[in-house]
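Look at the two complexes coming up: chain A is in both, with chain B in one and chain C in the other.
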Partner chain A sequence: MLSVTNLAVRFQTRRGPVDALKGVSLDVASGEILGVVGESGSGKSVTAYSIMRLLEAGGQVTDGTVRYGGVDLSDPTETQMGNIRGREISMIFQNPRAALNPIRRVGDQIGDVLRRHARATRTTARAEAIRALEAVRIRDAAARVDAYPFELSGGMCQRVVIALALACDPKLLIMDEPTTGLDITTQKAVMDLVADLIRDRGMSAILITHDLGLASGYCDRIMVMRDGEVVERGTPLSLFTTPDHPYTRRLIDATPRLGAQIRELLPVEARTPLPERRVEDEPLLEVRNLVKTFPSRSGPVHAVRDVSFTINKGQTLGLVGESGCGKSTTSSMVVRLLDPTSGQIIFRGEDLAATPASRFARDPRRARIQMVFQDATNSLNPRHTSRQSIAEPLRRLGDGASDERIAELADLVGLPLPLLDRFPHQLSGGQKARVGIARAIALDPDLLILDEPTAALDVSSQAVVLNLLIDLQARLGISYLFVSHDLNVVRLLCDQVIVMQGGSIVEQGPAEQVMRNPATDYTRTLVAAAPQPPALQQEEQGL
Partner chain B sequence: MSVTTASPGTFSHIGYVLRGNPVTLLSFVMFAILIIAAVLGPLLVPYDPLASEAANALQPPSWEHWFGTDNLGRDVFSRVVIATRLDLMISISAVTLSLMAGSILGAAAGYWGGWLDAVLNRVMDTIMAFPLFVLAMGIVAALGNTVENIVYATAVINTPFYARLVRAEVNIRREAGFVHAAKLAGNSDIRVLAMHIFPNALPPMMVQMSLNLGWAILNAAGLSFIGLGVRPPTAEWGIMVAEGANFIVSGEWWLAVFPGLALMFAVFTFNLMGDGLRDIVDPRQRT
Partner chain C sequence: MSPRLKGILFRMAQAIPVVIGVVIIGFVLTRALPGDPAVYFAGAAADAASIAEIRKTLGLDLPLPQQFLIYVGDLLSGDFGESISTGQPVIADLASRLPASLELTLVALLLSCAIAIPLGVMAATRPGSLIDHACRVLVTAGVSLPTFFTGVVLIYLFYYLLGIAPSPLGRLDFIYIEPDRITGFYLIDSALAGDGETFLAALRQLVLPAITLALFTLAPIARMTRAAMLGALSADFVRTARAAGLTGRTVRYTYAFRNALLPVVTTLGMVFSFTLGANVLVEKVFAWPGIGTYAVEALVVSDYAAVQGFVLAMAFLFVALNLVIDVTYTLIDPRIGFEAS
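Let's look at the complex of A and B:
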């Protein structure tokens, strides 16, 4: 149905031309879902954008042909593409909030597309939009049709984007990382929905993702890309059982999965023995009856209700739940950026909650609790070089920022020294994560809060960063509070796990036990939502 | 700790911005001409700008007097060049004052919010509700007819623009990850605001500042034109245009046109400079 041959794309940049695609070919048959898997910079998104002719300025298709349904689209006119986009080929973008116009009601946005392709008139647009929303299983569609994007949750927004994409019954759907930024349970719900819709309507689809596990769960065929080239193609099963290319092997290794140990995420040659960790019996942090209530116009919002837990010296505690479960509020309170409504945070015998958050910055105990933030890009000052970022805590709370100490920290986290003088936008995601970790451990803290430190990273960077964290723990004896929605990742790093729902703890226990034998339905849903590679699924079923 | 990051790449980055955008380069050349005229003016001009020579009054432009002479026989070219210093000084000091005041007020309002934000916003609304030039006239008339008061008046009417801009820029970064990180590193609220958030608001401020320099010059000249502020016989573009305007009807156009052109040149320079300045102070423009 869609056939791309030898596609090449070149971008003009300040440093001269960059070849983003070097001769990529792909075919999508009718009714088939093709997975395009690769890490950032592999050219997987550029492939989709060049098929849709939506390349940003500076990008140019230099070679190759695109044929869709027998029509040559290698050099289409804008009118031709206008008719094809939406009606024949549709696209779902990475960030659903950015893909929706924030100041227009979602129903109007769907109506626009329908009218553009003459599927509805001004009078029927609203009713058609409601039908489109019902098709993506949005409850109470008649009311939601008048909602603005900011009134909807992330998962709901993505459903609206899907409704938009499917409004005109396209034959081919291109999904560019459709579940980035969504919870693992929402991811599963959205992907199951799309897969059902695609099957019911007999459509074809291209799923672009960095998550090999996700692709293998939903795609008929997968192609693996690296540096603008296709390195391997195959069915999910054959890729996982007999990968030909070493890069595919590495990707499969780096994908967190049941049964794998943390070192097994790394390429074989990098698997050093896991260093000995000492978990002491002595509690470092005791959180007692922590409560946080936010006032709001529609009454108080109970973000955290009566949460208690203990972290021992050298231990890693996982805090798991969907977005809105109160895990981030809890970690903000523990790290003393937020004041609890009531409750105690006892750290080495002293109640930290007694000192208000606004005065805690100058408290001598500030250096003992540090944090690694979720989004490495957002958490580094864009005007500071890596060196300045790492030096900041040393200057303010330590004995001054000597070049030796900074070099030592960079070395600890595996950041090459020349990168110390770069600005955040000149670093890759993995490098930024390292800067964030170096900054957090600069003061030798006793407790480090890790707020989804790998959420924005590719699987192979994630594997490296997770291993770095466990090595650092063994070397420095830090305790971790690891906040995440991804149980697959939590299990790798954590000794104990707490599962939160609606502000309360619903389950806690040793990580392996919670994963293997969840006691509550909620935990079971979380565990089931994590995509698992096909080879392992079969094993599981065989057991 | 410096607010701006002066790394070895700074000069090559400025070079890159100037090469990449000829308009920026042009505006910088024009700005250099203004600065040279302001700093070295007295050394460059052929005549004393205040020396009148009744015999030589109202001469049209010639090789001897490039821009002609005025009704008192003073050389218009010398006066236009000499006036650059005063006009630039008024506008730069006014803009600096309003930049500082606006930054402090706007940053506080954007960071702490609440009643402080509400009160400051209403005060700024009130200032902006006046026709700004009329407000400046009122301030100068009330405070007294001096150059300093022109500076203060111009600063007051420009402050709300900075305060608004800084408030918005600070507000969107208040909850950013790097702000939390700065607090974890032991920075107090004021330090976080001054050292981490505020520098990130600089790029759009540069555009505003550059445009504002142009407005400020126009404003100062306008006040002088209607007889407030700078008084004759001081050389100042606004007064010169005002004085020359009387002679346009009788055909002596050069008295008003040349200072007017100088004014235009200055405003044009500042308007062109904004985007280039922003690109230079924004580290994200570097690769």
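Let's look at the complex of A and C:
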């Protein structure tokens, strides 16, 4: 149905032309779902945008042909593309909230598309929009049609984007990282919904993702891309069992999955033996009956209700749950950026909750608890070099920032010394994560709060950073509180795990046990929602 | 009471401390100025005794706190005092001069928006094109020429050389009679009175000063429109709209432009504030009986009541302007609630 041959795209940038695609070919048959997998910069999104002719200014298709349903779309006019987009080929995007016009009611946005393709008139647009919303199983669609995007949850926004894309019954749906930024259970719900709709309507689809596990769960065929080229194609099963290309092998290895150890995420040659870790019996942090209630216009919001847990010296505790479960509020209170409503945070025998968060920044114990933030890019000052970022806590809370200490820290986190004088925008995601970690361990803290430190990283960088964290722990004896929604990652790194829902702990225990034999339905749902590679699914069923 | 009305009332209540502050600062600053109104008022030939007498009649011999209390008391009873230079109650002066300035500024801004916003939108939809460069040139030229210079050039061209503009002497040529005062805006008053001839005459007087001011205010508005439009056009939701087949006008106006309006409205508010205060040069060139000229003249002769009246009127105006901008925000963007927080 769609046939792309030898597609080449060049971007004009300030530093000269960059070839984003170097001769990519792909075919999508009727009723088929093709997965396009690759890390950032592999050209997977550019492929989709050039098929849709939605490339940003500066991007140009330099070579190749695109044929859709027998029609040559290699050099279409804007009107021709306008008629094809939405009616024949549609697209859904990552970050669904940003993908919707923030100041227009969702029903009107769907109505705009329907009217553009003559599927509705001014008078029938609203009714048709409600039908489109019902098709994506939005409950109470007649009320939601008048909502603005900011009044809807992320998962709901993605459903609206899907409704918008499917409103005019296109034959081909291109999905660009449709579940990035969504909770793991929402991800599953959204993907299942799209898969059902595609099957029911006999559509074809292209799923673009960095997550091999996700792609293998929903696609008939997968192609792996790297640096603007296709390195391998195959069915999910053949790709996982007999990958031909070393890059595919590396990607598969780096994907966190059941049964894999943390070192197995790395390429074979980098798998050094895991260093010995000492977890002591002595508790470092005891959280007792922690409660946080936020006042709001519609009554108090109980963000955290009576949470208690203990972290021993050298231990890693995982804190998992969906967004809104209270895990971030809990970690903010432990790291002393937020005051609890009641409860105790006993750290090395002293109650930290007795010192208000506003005064804790100048407390000598500030240096003992540090944090690694989720977004490695935005948590670094864009005008500070790596050296300045790492030196900051040393100058403020330590004995001053000596060059030797900074070099030592860079060495600890595996940051090459020449990179110390670069600014954040000159570093890769993995390198920025290393700077963030070096800054956090600069003062030899006893406890590190890790707030989804790898969420924004590619799988291969994630593998390296996770291994770095476990090595650092073995060397420095730090305890970790690891906050994440990715159970596959939590399982790799954590000794103990806490599952939170609605502000309360619903389950806690050794990580391996909670993952293998969840005691509550909620944990079972979370575990089941994590995508698993096909080879493993079969293994699991065989067991 | 609806939450929006409640919000607006709350906003107006917030202005009270601002106004109190302005009353105090306005009083202190005028007293701190060098110059003695009594000396000025007494004239060149006055001796020390007559100056002291005048000082006494003006109440300037009293200690400052007492003067302040009298001033506040008068304000509360609606008395802004009397201008010593015009001999009129300040309130009457303001009532005749403020509409003149407002009329000029508003017409200039309308004109400026009518040119700058489409220009900015066109420049943003075709960045790097001829129209983009033309926009930049016009805008830079407009802002780099001082208003008194542009004004004089316009007068030279259209009045002296071409003779199509009326003489630049105030709001209305002397052969016409002022329209009956309803709002103080000649355009509106003459239109309400159904007097087409006076309306046209007032409009003719207004054109050149309005163009002068508009040229000067083009730059910030066009620049901000272009930048906001560029931002909105590269937003994710515009990409979604295009991916769903929407093209041309719908994408540009319903999607991009409405989102770009917010920063444009903010800029408009700021431009309005500084133009109203700063158009004294234009008023001078066109002999426009506006509030800027009035304030500067009052300041020169230490006419306390007039200066204080001007400062207060401006404060009220800015409070009202900010309220209008805030309400406009809520009309544009549903995310901005107007509830009292």
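Note that in this section the second predicted complex is superposed on the first by the 543 of 543 C-alpha atoms of A that agree within 3 Å, B and C clash if a C-alpha of one lies under 4 Å from a C-alpha of the other, contacts with A are read in each partner's own complex, and residues count from 1 in each chain.
Please note the rule applied: contacts are C-beta pairs under 8 Å (C-beta built on N, C-alpha and C of every residue); 3 or more make two chains touch, one makes a residue touch a chain.
Keep in mind that this is a model prediction, so the values were computed, not measured.
Since both structures carry chain A, what do chain B and chain C do when superposed there: clash or fit?
clash
Now for A:366: first (chain B), second (chain C), both, or neither, which partner does it touch?
Once the two structures are laid over each other on A, A:366 reaches chain B alone.
Quick check on the superposed pair: does A:421 touch chain B, chain C, both, or neither? Answer first, second, both or neither.
The first partner, chain B, only.
According to the stated criteria, A:78 is in contact with first (chain B), second (chain C), both, or neither; which is it?
second
Just to be sure I read the superposition right, which of the two partners does A:388 touch: chain B = first, chain C = second, or both, or neither?
After superposing on A, A:388 lies in contact with chain B but is clear of chain C.
What is the contact status of A:374 with respect to chain B (first) and chain C (second): first, second, both, or neither?
It touches chain B, and chain C stays clear.
A:14 in the overlay: touching chain B, chain C, both, or neither? Say first, second, both or neither.
First partner only, chain B.
In the superposed model, where does chain B crash into chain C, at 1-9, 55-63, 127-135 or 163-171?
Stretch 127-135 of chain B has C-alpha atoms clashing with chain C.
Quick check: in the complex, which residue numbers of chain A touch chain B?
13-15, 335, 337, 358, 361-362, 366-367, 370-371, 373-375, 378-385, 388-389, 392-393, 395-397, 421, 423, 425-426, 436, 439-440
So in the complex, which bits of chain B are touching chain A?
Spelled out, the residues of chain B in touch with chain A are 1, 5, 7, 16, 176-178, 180-189, 196, 199-200, 283-284, 286-287.
What residues on chain C touch chain A, complex-wise?
Within the complex, chain C contacts chain A at residues 127, 234-237, 239-247, 250, 254-255, 258-259, 332-335, 339.
For chain A, which residues are in contact with chain C within the complex?
52, 54, 56-57, 78-79, 82-87, 90-91, 93, 95, 98-104, 109, 112-113, 116-117, 148, 150, 161, 164-165, 167-168, 297
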